[in-house]
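Chain nomenclature is as follows: A, B, C, D and E, assigned in order of appearance, with residue numbering initiated at 1 for each chain independently.
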Amino acid sequence: MAELQLKSLVKTYGNGFKAVHGIDLDVKEGEFMVLVGPSGCAKSTTLRMIAGLETITGGEVRIGDRVVNDLVPGKRGIAMVFQNYALYPHMKVRRNLGFGLQLRRTPKDQIEAATNEVSGVLEIEELLDRLPKQLSGGQAQRVALGRALIKQPEVFLFDEPLSNLDAKLRASMRVRITDLHQRLRQEGRPATVVYVTHDQVEAMTMGDRICVMKDGYIMQVADPETLYERPANAFVAGFIGMPEMNLFPAVLTREGNIPCLTADGQTIKVTDGLSHRITTGDGPVTFGIRPQQLHVVAPGTDGAFTATISHIEFMGHEINLHVRLGDAQLVAVVPTDSFDTHFARGDRVGLRPSGSHVHLFDAETGENVSLGQGSN
Amino acid sequence: MAELQLKSLVKTYGNGFKAVHGIDLDVKEGEFMVLVGPSGCAKSTTLRMIAGLETITGGEVRIGDRVVNDLVPGKRGIAMVFQNYALYPHMKVRRNLGFGLQLRRTPKDQIEAATNEVSGVLEIEELLDRLPKQLSGGQAQRVALGRALIKQPEVFLFDEPLSNLDAKLRASMRVRITDLHQRLRQEGRPATVVYVTHDQVEAMTMGDRICVMKDGYIMQVADPETLYERPANAFVAGFIGMPEMNLFPAVLTREGNIPCLTADGQTIKVTDGLSHRITTGDGPVTFGIRPQQLHVVAPGTDGAFTATISHIEFMGHEINLHVRLGDAQLVAVVPTDSFDTHFARGDRVGLRPSGSHVHLFDAETGENVSLGQGSN
Amino acid sequence: MAHISEVNVQAAAVPPTEIEVKLRRQRRISATLRYGLLVIVGLIMIYPLIWMIGASFKTNAEMFSSAGFWPKEPTIQGYIDGWKTSTPYTFGHFFLNSLWIVLPKVIGTAISCTLVAYGFARFDFPGKKILFVTVIATLLLPNVVTRIPQYLLFRELGWLDSFLPLWVPSAFAGDAFFVFMVIQFLRAIPRDMEEAARVDGASTLQTLIYIVVPMLAPAIISVCLFQFMWTMNDFLGPLIYISSVENYPVSLALKLSIDTTEAFNWNQILAMSVLTLTPSLIVFFMAQKYFIEGISSGGVKG
Amino acid sequence: ADLRMSWWGGDSRHVATQEALKVCGEKYGHTISPEFTGWSGHFEKLTTQIAGGTEADIMQVNWPWLSIYSARGDGLADLNEFSDIIDLSNWGEAELADGSMKGKLNGLSVSTTGRLFVFNKITWAKAGLELPKTWDDLIAAGPVFAEKLGEDYYPFEAAALDASLIMTLYGTQKTGKPLIDPATNEISWTKDELVDAIGFYKTLVDNHVIIPWKKVAAAGNLPLHENPNWSSGKIGGTYQWDSTYFKISDPLQEGQELAYVDLLSQDGQKTPGIYRKASMVFSISKNSENQEAAAQIVNCLLNEPEGVAALGSTRGVPASKAARQQLLDADAIKPIQIEAQARVLDAEGPGIHPMMEFPDVRSALQDNLELFAYGEIDAETAADEMIYAIEEALEDIKS
Amino acid sequence: MGGDSKFLGLWYVAPYVIGLLLFTAFPFVASFFLSFTDYDLLSRPEWVGTKNYEKLFTRDRTFDKSLKVTLIYVFTTVPLKLTFALFIAVVLNYRLKAINLFRTAYYVPSILGGSIAIAVLWRYIFADTGLVNMMIEGFGGDPINWFGEPANALFTITLLRCWQFGSAMVIFLAALQSVDKSLYEAAAIDGAGPWSIFRHVTLPLITPVIFFNLIMQTVQAFQEFNGPYIITQGGPLKSTYLLPLYIYDEAFKSFDMGYASAIAWVLFSIIMVLTLIAFWSSKKWVYYAGDKRS
């Protein structure tokens, strides 16, 4: 296992399109790094440059202490798991697993031993003599995992490995992969992983650290809690969390030490836990608050905006309350138990943001300007 | 707009496979009915019989006061939105919208007026001169919606219209469709809708009523709350709700009036709100409790099972705690705020089900035997 | 919508409703019409073949007296005479010659087309666009234009009266149609498997051999089949390049028996025609799936 | 030496020739590998071979091709140089001249062939008529056939090449001149003479003597020997090479019988106008490394008893006197063949220009006659066009 | 890919490049050169400048005629054959039993191709007393002079080629089967009948394949040789004397290689021009599904 370093990595495609704009990323030995971001943000491009499947336009990729830019994929000491499994359709599972070793002229008995071990770990022993087309999606994905595992590579690369599975299977594979990663770590052979996904649940639950990308730039690299609690900018804030964080323009003023925020002509004071975090002066900002931190109160309550209900979604245990505040569309998540069932579309409600969870972002750059000293 | 009735509808496919086993369903005028169920449960088959895309083997379909069994699809007064949009790829959006009207020899100017109106409602005016391949998924889906809307049909049929979209878009399209439905209702021209999905979130949030299907049978037809709170059987209970309800075998005994449940050798008393609902005698049952209603307490607490943590998933605002209780794998959802961060894999915890939310199902038939008098 | 999704309703336990009876009748009429049309057209299509086989068993006198295919006095004399041929060799010898022309040609074609198609479909290299245009242009180029200089070329190389002029161009991916076909096929195959193989440590050539070729098998088989048939039936090539009777393939040997300068035996010619076409027909009927696949992949994915 | 010999032909010729080569080869200690094909494509093949210098040592060459392969006499070996090996005395002056280009003997005539009239005795008898001797007899027979035997009976047939040859024959008889003068390479007929000859074709059609061109085409341009009307005797006669006797007689139905007659004549004709030529010649490649050995084989095939016996009459009645005599003595030639050959050799006619066998000239005659037959152009125009096209063709060889 | 030379692909196409230069490009250029010479194969080619072309365009009436019938032939055969192929493909495109059987049977004529037996049979079928006329008379019509009338003779060859519609049909069929069924359903729900669906959905969607077939068949038709060569020998009145036949005669009967090359080049130019026009016009009527990966 080895460390992986990207240094000012640049990718310009043949058609002149610049997909990756010089990114830097260090993945520590044994770390599970998730690359996440919306479609087209160059997650795959980055991963494929690491793998050697795309030529590198600029910068360098280091694995361990080697610059691998000019190595063919097979010599980089990596293994990769593809979104659609990419199992060799004409080979039995057994040969799919052993193919990489066979190419390295590993002796037959060693290949067999390795195959047995890996298939034991992934519980695919009974599948060894099947062809890929005889496998279900989850089974195929496990075989693909096995094919990566068996090579004992220095770095594992995953490109949306679960996105072809249905929700239930995805959840269980998610658990299986993280379990496997932890187990390898406990067994003293930690696996360095770069895992691409566009699903923030996967990112949050699997990654040691998460690298959020956008349009070929890195927006933030941090562990899940930090990303969730202290997003570096509005993009990360909006991308992570479900339903997504409410973001709307507001104007920051101060009344004494107490920050006041004005939106839709309404001004509220935010008392608890915000003031000492703000690192910007008065003026327009983007106000950010997660739906779970927006509490429904009577209209006109102090520290609460008054908004109009536009839509109520019953989610079982919770209710998503969609409201309109001026031009902005906000969502508040309310536990079903405490929800006033008389609410209807068009009703006015008060929405009080919990101060310690309010984020303010620079109106122009989107940078988080509420990360001051304190934690939240 | 009209009422839609299915009467002992049967479908046997050419290969002899009986997909629909005589189902009855009334969709009231202007009602939004969701058909939901796992893959292969014959949702599409049912919908396609209504549309006239599959021949009806038995029973009848009524739209308004007409039996439409032997009408071609074009004459049934329906419109349909397909999962993969099924936009005519060679026609511009404008013609895609107008094609149905054009076939009915509607005058050009009327087609244009209608196109403009619909594209205004769906905010696709700027897309009118694009080809479908130049549209994003969400845009294509809105055009598909427009194509249905423009025909002013008596019944709208949707077959998993959102399942090709990514999560975020799906959420916003969900809202858009329900909004549209409500708006039509307010404008006095309510739309009768049959909406097929396998996604329970869509079902819960969109449907006036939900029809849960399994293997060609209807399991329950009810409004979302009823379905969530009072599922008619274990299948519905497990199907609705996210993460899914914990269901595991237990044995019901009674200590006086207080029901006691034994699982994994542990017996707990369930005090509040269950006893008067039970409609079965002592014996084996399936115990059901939603993850959100399973509270984490100290191991050995009264009324709580003791289980082992197998996996912890950080979901942002909540944490999914996967635990093992004997052979059963349970999940408890814990708000992040109240979560003890020292918990780790392998720790023992107490899990106390909230009595008023416990469901008991007949161990054999799966029928809910805890629906007695009271509400929960 | 019975006319679109044609589903045969099995007689359900429920007695058929009026509608169902009506639908069924409609379907039966439409099916009858369709099958009727198809059968008639189909008969016209294969009648010549049937006629030829029948006629090869006719006597010469009967040959031109009726268009029917059933011989009145069947005789296998045509086959006997034809097999002997007028040469020191039997027809079998010529079949072997054909085989000896066909096999290296087919193998050369398969290997070269696969390599070249792989190069075109999976790599970027300078001049690729222009080269690909030449593939298409070659498809459109009438043979007459190049025939004479080609002959002169082979003369200079001293290859006349050998099989080299027949083998070598094919071994250099000379049949643009096949290259095109395999490229189209390859384009439809996702690259992930190949990328996986590269990550597994395979070189591009190993990837080609272990991964691409197995997946391309249907295309390669159909290339082989087409080349087999075309070469078996080819007349002009051998005619121009091969002069010794000893080296004649069947197509030339067949032509030998046909000479308008003296009375000829039609049944013998037809018998030999049948024999000549037999390998192609056998190959076709055994592997028609690949032919169809091959020919359609050339067009549909284009 | 190792030699190659190439020829075209049908099965019997292939078998006989290979046998002959074996015999002759053994006699002289050479091995000769045979290269043979059917007729179609042979010209192309031979030409490309000669162009490539890869032709066989001994070749069977169609007579008119000589002027293509060896216009100046140097394209093929000069057989005069081998007069010590080949006994040239077996051929007449004229025959040797036919095979010579610019004084070089490029090919030895294997056999001579000429166009003859042959009639179906039975059909004519059914019509109650004697076999015709003059064109007038033939023309008179037309209506009789139609009346007595039916509209679909005709006393004669001529379309395409045959029609243009009938036309040439008629004109030659009338003018006493060949259409093209071999000596001067010029057209020797006047336009009016040509118009007259063209018009004669129409006379034949109008009098129900021959089937109109269009109708012949309608039947698919069947060669005579494939034509059921010929087999069944509905066609009463034809004008063919004498060497094709078996080809046209074999398909006849039971009870039909053919007879050759002298060339039909017309009043005041200046010549019977026989159309006679060497049917094919044997040539030796100028590139051959063993020309002498090849000459030995040629002599063996054409003059020596072993070769002659082996070849038999598969190339027609031999032109070589020795061979002819040998076959006659051995009864290897059918009487009717001898009779036909005699008629060919006895009849008189002006020499034939090799151009008459060239595609350009043939199509000049045939295509315009066809247009005339279809009524697309009148005889005058047809004549003009013919003259124009022939002159253009002649232009090529003069240069 | 990373680590691969950018010339790697060239190695794979190298065989093709060599073959192209040697066996296509060189002869191609050589024949262009020949078209400016007088060359009878036996003596050296003699440079004559544009004489061949001059003759071709000013004096050669055979060429005029031949060009005319060639164009007529191409412009009747191609549409007829394609229409028929499409028609049968559509009929076959239902879930029929034995579809493979039919598909195979229909493909057989394409295999038999230029067999002599076929040509003989064709002469039979269309002779004045042949099968077709027998049938026409059976229905009370007047027999048609197929080979004798210049106007008809060409048509019999057209029919022969239409008879070999199998490969075009198979391509159509594959295209039809790849059309997304839900589009048909959407159209049916929009109220379209079978014809409307065909006209407005099916047809536009298979235009790429129509285009492909159009090009391939046109090129093939321009090269038609066997049919007229065996069946009508170019007649009557040169009404079936297609250009390739003329080229062949000039090259291998008159051995005027230079002239033949000139005609071949004219033919080639015509094909090229028509192809370019087709490609250009295809932008207007051919619908291409977006190709995700270039």
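In the analysis below, a contact is a pair of C-beta atoms (placed from the backbone, for glycine too) under 8 Å apart; a residue touches a chain by one contact, two chains touch by 3 or more.
A quick note: this is a predicted structure, and the numbers were derived from the prediction, not measured.
K.L.:
If every step must land on a chain the current one touches, say how few steps get you from subunit B to subunit D.
P.N.:
2
K.L.:
Could you give the fewest steps needed to travel from subunit C to subunit D through chains in contact?
P.N.:
1
K.L.:
Write the angle of the rotation needed to overlay subunit A on subunit B, where the fit uses Cα atoms and the result is rounded to the nearest 5°.
P.N.:
The C-alpha superposition of subunit A onto subunit B needs 175 degrees.
K.L.:
Applying the contact rule given earlier, which two chains have the most C-beta pairs between them?
P.N.:
By contact count, the leading interface is C-E.
K.L.:
Among all chains, whose Cα centre is located farthest from the one for subunit B?
P.N.:
Centre of mass proxy via C-alpha means gives D as farthest from subunit B.
K.L.:
Using mean CA coordinates as chain centres, what's the gap between subunit B and subunit C in Å?
P.N.:
Centres of subunit B and subunit C (C-alpha means) sit 54 Å apart.
K.L.:
CA centre of subunit A versus CA centre of subunit D: separation in Å?
P.N.:
About 93 Å, centre to centre.
K.L.:
Return the distance between the CA-based centres of subunit D and subunit E, expressed in whole Å.
P.N.:
Between these chains, centre-to-centre, one finds 38 Å.
K.L.:
Going by the contact rule already set, what residues in subunit D reach two or more other chains?
P.N.:
Only 44, 48 qualify.
K.L.:
Please output the residue numbers of subunit A that touch at least 2 other chains, ranges allowed.
P.N.:
In subunit A, 51-53, 72-73, 75 touch at least two other chains.
K.L.:
Using the touch rule from the top of the page, what residues of subunit C touch 2 or more other chains?
P.N.:
1, 4-5, 124, 152, 198, 258
K.L.:
Can you name the residues of subunit E that touch subunit C in the complex?
P.N.:
Result: residues 1, 4, 6-13, 15-20, 22-24, 26-28, 30-31, 34, 41, 88, 91-92, 94-96, 100, 102-109, 111-118, 121, 124-125, 130-131, 163, 166-167, 170-171, 173-175, 178, 181, 184-185, 188, 194, 197, 208-209, 212-213, 215-216, 219, 222-223, 244, 247-248, 251, 257, 260-261, 264-265, 267-268, 271-272, 275 of subunit E touch subunit C.
K.L.:
Can you list the subunit C residues touching subunit E in their complex?
P.N.:
1, 3-6, 31, 34-35, 37-38, 41-42, 44-46, 48-49, 51-52, 55, 67, 112, 115-116, 118-120, 122-128, 131, 134-135, 138-150, 152-153, 168-169, 171-174, 179, 198, 204, 229, 233, 235, 258, 269-270, 273, 277, 280-281, 284-285, 288-289, 291-292, 295-300, 302
K.L.:
Please give the residue numbers of subunit A that touch subunit B in the complex, ascending.
P.N.:
Where subunit A meets subunit B, its residues are 39, 166, 171, 174-175, 178-179, 182, 198-199, 201, 204-205, 224-225, 228, 240-244, 290, 292, 310-311, 313-317, 320, 322, 333, 345.
K.L.:
Which part of subunit A faces subunit C closely enough to touch in the complex?
P.N.:
It comes out as residues 14, 51-53, 72-75, 78-80, 82-84, 86-90, 99-100, 103-104, 147, 151.
K.L.:
Please output the residues of subunit C touching subunit A within their complex, sorted ascending.
P.N.:
124, 190, 192-193, 195-203, 206, 210-211, 214-215, 217
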